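In the two assemblies presented below, chain A is common to both, partnered first by chain B and then by chain C.
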Partner chain A sequence: MKQWLTNFLTHRRDLVQSLIVLAILFTFAVIFSPRTRGEYTYNLFGLSCTVEHWPIFLKIENLTDLLRANSPVAIIALGMTFVILTGGIDLSVGSTIALSAVVCATLLVEQQTSMATAMIASMVAGGLVGLVNGGLIALLRIQPFIITLATMIGIRGLARLVVNNEQIGLVGGQSDSAIHFAHIMSQKSVVIGAFLLLAIAFGLLLWGTVLGRYVRAMGDNARAAQYAGLPTRRVLAAVYTLTGLLAGVAGVFTCARTNNGNPNEGIAAELSVIAVVVIGGTSLAGGRGSVTGTVIGALVIAILTNILGLNNVDANVQSMIMALVIILAVVAQTISLGAVTRWWRQWRGSTTN
Partner chain B sequence: MNAPRPGHGYDEVMTPSGQPLLTARGVSKHFGGVVALDDVSLDVFGGEVHALMGENGAGKSTLGKVLAGALPPTAARLTIDGKPVSIRNPLDAQRLGVTIIFQELDLFAHLSIAENIAIGNLRYQERFAVSYRAMAQFARPALSRVGLSELSPHTPVHSLSVAQQQLVAIARALSMNARVIVFDESTSALTDEAVERLFAVIDQLRRDGVACLYVTHKMDEVFRICDRITVLRDGRYVGTRPAKQTDMAELVRMMIGHDVRSDAHAAACATDRPLLSINNLRTAGLRDVSLQVAAGEVVGLAGLVGAGRGEVGRALFGLDPILGGQMTLKGQPYRPHTPRQAMKRGVALLPRDRKAEGLMMQMSVRENASIAVLDSLNNLGWIRRRREAQQTDHVGRQTRLKAAAPQAVVSSLSGGNQQKVLIGRWLLREADLYFLDDPTRGVDIGAKEDIYAIIEDLARRGKAVLMVSSELPELLRCCDRVVVLNEGRVAADFDARRTTQEQVLTHATSAAAGHARPQAG
Partner chain C sequence: MQRGLITAAVLAVSLCLVGCGKTESGNAPAGASGEQAAKYLVIFSQCNNAEPYRAEQNKQFAAAFARYPQVVFVITDGQADAAKQISQIENAIQRQPDLLIVAPLERNSLTAVMGKAMEAGIPTICLERDIAQPNYTTFISCDNVEIGRMAGRFIVEQLTKKNGSPKGRVVELTGMKGVKAAGDRHDGAYEILDKYPEIETVFSGTGNWFQNEAMTRMEEAYNATEGRIDVVYGHNDPMAYGAYLVVKEKNPELAKQVIFVGVDGLPDEGQEYVRKGYLSATFIYPLCVDKAVEVGMKILEDKDFKPKTTYILPSAAVTPETLAAKTD
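So, the complex of A and B:
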């Protein structure tokens, strides 16, 4: 155990640093959270206890709420971690959320299909967008930024075209499956459960599989990966397809939670996704990063948005604070712990003299 | 121990007198738990060329980098002109007149020579916009000091040869009034001709009173241009000798503790089964190349830089499109389009530039070694970790790899050990044809012998080996045959045991390379 801990502290310093940021933020959230007026009864796994003036932030309903609200972005961030690890970027995920959401709503409401059909079709639509991205990047050898910038614009257009610039509401129509879908797929246990399962799956994919190893190798040194005979094109295609698929999943959850197939959904979502990945310690240069880090990054963003909301901070001020946190989180990763202790010793030395 | 070198016994011993320009005491450098330098001391005098020698991981490059501020030391007491100084980053070093010329040059490839030289001094210009004329004027004196005055200062650096780029780097150092210049394995990428030119420049620097610290593995160079030699071993100081009072045998003993055999030959395992035959091959860098390699045969490719030695490997590995001619591998037509296809047909390429083309520097030793065989360790997408560990550990022992742990990041290894990891990658792959592009580049004597042993072992196991080397003695020592290339054509094909360096050099440098292929003896 001690061996494992020292190994973790020395070899996964990036994760340790993200965890420190998360812990600090969590503490701040608890301290600055408004309190409940009366008593609050905790009900956790059958155990219940009643407390007074409990921080609203720590209420179970609030914690699960913040997880659900941020799940779509967090889910896409899992795939984006792989894309960024290869040294690429995917700007089209926001548009893909919209495409998936409108496909899902159209099928449910207008085609009266079953819930399963609509969901699978939406995810396939997302996966296809990813396949187009990955295929073009691999075959044409054009920078991912440019290809996905183009698909970002194009897919947004496609999503609007599918629904003629209109929004499709799930409730109010005659479709029972649509109402059923909106009810089930917006439940906290379903959304948070899906995120946790996907996080574990993608963590294992990166840690234990050949694909994961290839992804890291290509991001570390693309030329060496080619010289080592890696199937670089297939890896690129796989990584972007997976990310597109996850954007499709996120679109399904967004559709269910908003009761709406909105073609303007997910505008600028790609930037939140990238922010989550970067806060999680994944380097935009490729080759360095982890799924665990991305999960931590998602929690950082989720907690921050939540605590600012609980305190009724102005939305524009929220954005400005978010910007600060992104920069601080990334700076915290670049400072080595050794440098901090050295600085501390120097500072102490200079004050005692 | 101090037996004088033949022919130099009567020379006056040149011991520098007066105050050293730079002194270093108690220099230590730790990388995590690894001690790269342990309490090393060094004096460098103005106007001397001081060699820093040592084995793989002895710490000679580390010491050079510490002195030039490229690596912050864990502990060090430095003085310049007798005054204590602190060098913690390249800017400190630059202000004190200490510069390093890296093995992998740190120039801006897409900027011009003048821009590269003036880049640190742009801020001294008075106007807001840079003046290209002023930059050229600033660059010219430094360029003429390194013998590049015939080049226009506006030439972009990427269009220069490696040798010229190195001289530009030196010119930049001179323009910043460098008084101590560290040369880190400077000749490892140079042709013999370019080495001569570099030595002439170094000689001039010495006469100008500049202190040159010359980090190298090459014995002959040390005795040619260096005044004093300091040897490090395992990060510790072993000793300093005036070049004229020592000899190769003593230095080798100081570096590795035992003698190395120098008159060995290839194992001669060549069979009569042809494995690869290339007929009239033409690519962007090859005009007309025909050669055969049999199973168990080691064939050396000699020639000047640009003669097409590496291009043969690029064609074989599917990196350069084939414009004409045929190749036959194991009796089958062979025309790869990607490295992956080549690899699947049983061809392995050890690239020339191991950092840019070979290793994933942030990944571990084990991950680097196994990356090309993951398809055979693939169990429904999962990596068979235990088998991966067994195989990579085995190949690590086979190559006598010295690494802190299989999980250690490969960038923490010395050059020789990095090369062994890369060789291990292709040993695991069990290819039939190995193309080794300068396998001992930037590698010291001890690791070199290990690599020779690996090549010999490959031949014994019936593999075909094509090998490029910039050092002729190495080709003659390792190969059964030496094929000399000249301007993209085969100029000669020699039996390595019965040829001399002079013969090979003549065919490599003669201007009119005919199609004649003398089977000379």
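So, the complex of A and C:
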């Protein structure tokens, strides 16, 4: 056990540092949270306990609220981690959310399809966008930034075209499956559960499979990976397709949550997704990063947004604090603990001598 | 070689797309007889088709001008890009339309090009957003501050009914910071609400006009106040509706008591939410279409007609009562 802990602390320094940032933020959130006015009773796994003036931040209802609200972005961030590990980027995910949401709403309300058909079609639509991204990047060897910038613009247009610039309300029509869909797919257990399952799946994919190793290798040194005979084109196609698929999943959840297929959904969402991945310690240069880090990054953003919101901090100040935390979180990962101790010893040495 | 083939294929496909993507839709029948019948060309420079309010505006414009066979009506889409809208208006001027209608994206950037249209002798109607200089024949608009005041008065009235006197706890969900409409809708409402010290704003969050973001803000508001809320004032209907969904999920009983107020009142959006009982009221932000068509047709057909420089259209409250009165 001790051996494992030492190993973890020395070899996964980036994760340890992300965890420290998360723990500090969590403590801050608890301290600065407004308190309940009366008593609050916890009901967890049959155990109940009553406390007075409990921090609202720690109420189960609030914690699950913040997890659900941030799940769509966090789900896409899982795929984006793979993309960024290969040294790429995917700017089209925000537009893909919109495409998936409008496809889902259109099928449910106007075509009166079943819930499963609409959901599968939306995810497939997302996956196809990803496949186009990955295919073009792999075949034409054009920078991912350019290809996904183009699809970001084009897919937004397609999403708006599908619904003729209008929004499709799920409750407005006479479709039972639409109402059913909105009810089930916006449940906290479903949304948060989906995120957890996907996080585990993508964690295993990166940690324990050949694809995961190829992804890391390509990010470390793309040319070497190619010369070593890795199927780089197929790997690229796979990671972008997976990310598109996850954006499709996020679109389905967003559609259910808002009861609405809105072609303007997810504008600038790609930036939130990238922020989550970067705070999680994944390097934009590729090669270095992990799914666990991304989950931590998602929690950092979620907790920060929530505690600022609970205190009703001005929106513009919120943006500035968010910027500060992004920079601090990334700086915290680049500082090496060894360097700090060395510096400390030197400083002590120089003062005692 | 391979790359060349792919480029050629992409080019071919995009050319096909251009071909079938042409959206300029004159409503006069095609062919020689149609061209003879159409005496007037009306170009509408819309700043951004991809907003529900503007999509509805386009739809109603097309329907209204379809009643006049002598008019060919064309819409251009500025796609929320001022430079694009400017060049589209420049193109429009080259076509010498008999009437130009502009819904400007931004007041400062569109002023000069609308001046060029006026210089070219094209009657120009400026819709809904004012520009920096009066480079228009007439300006048709609605006052967001007044809409805010109407919402404020409605909130006071409802709180008095609910709590016996004008007191209560208000959550405000604002539009995008730095956008004039959001500032005006806030200022108007608080001009009224600030007169009542017992009306307290317990939370003011920014939903950026989006239902999705407003829902997260509403969750924070609900948790922070532990559900002690009397009124939610959303700067548009989707945000007010999102707030309703959040409160309904957390406490269905409370959702029936909270007064949800929205703005915009589009027929199949805000008005529908009021009809379904989700919102207590919405305040119509007029599409300005009927007035623009009325004034526009007079400019086209009556050479002696002198339009007023500005027409400020009144808003109207949509409540369950007004909806019931309409159907009676």
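Keep in mind that, in the parts below, the second predicted complex is superposed on the first by the 341 of 353 C-alpha atoms of A that agree within 3 Å, B and C clash if a C-alpha of one lies under 4 Å from a C-alpha of the other, contacts with A are read in each partner's own complex, and residues count from 1 in each chain.
Simple rule for what comes next: contacts are C-beta pairs under 8 Å (C-beta built on N, C-alpha and C of every residue); 3 or more make two chains touch, one makes a residue touch a chain.
Because the structure is a prediction, the values reported are computed rather than measured.
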{"item": "Room on chain A for both chain B and chain C (clash or fit)", "value": "fit"}
{"item": "Contacts of A:E166 with chain B and chain C, given as first, second, both or neither", "value": "second"}
{"item": "Which of chain B and chain C A:N306 touches, first, second, both or neither", "value": "second"}
{"item": "First (chain B), second (chain C), both or neither touched by A:G46", "value": "neither"}
{"item": "Arrangement angle, chain B at one end, chain C at the other, chain A at the vertex (C-alpha, nearest 10°)", "value": "130"}
{"item": "Which superposed partner A:P34 touches (first chain B, second chain C, both, neither)", "value": "second"}
{"item": "Chain A residues touched by each partner, larger count belonging to chain B or chain C", "value": "C"}
{"item": "Chain B versus chain C - smallest C-alpha distance in the overlay, whole Å", "value": "13"}
{"item": "Of all residues in chain C, those that touch chain A in their complex", "value": "3, 6, 49-52, 54-55, 58, 174, 177, 203-206, 210-212, 215-217, 219-221, 223-224, 226, 238, 242, 245, 249-250, 268-269, 272, 276"}
{"item": "Chain A-touching residues of chain B, taken from the complex the two chains share", "value": "32, 317, 319, 338-340, 342-344, 349, 351, 356-363, 367, 371-372, 374-375, 377-378, 381-383, 385, 407, 425"}
{"item": "Of all residues in chain A, those that touch chain C in their complex", "value": "34, 36-37, 56, 59, 61-62, 65-66, 69, 139-140, 160, 164-167, 169, 171-172, 186, 254, 257-260, 262-265, 305-306, 309-312, 315-316"}
{"item": "Residues of chain A touching chain B in the complex", "value": "10-11, 208-211, 213-214, 216-217, 220-221, 223-231, 287-288"}
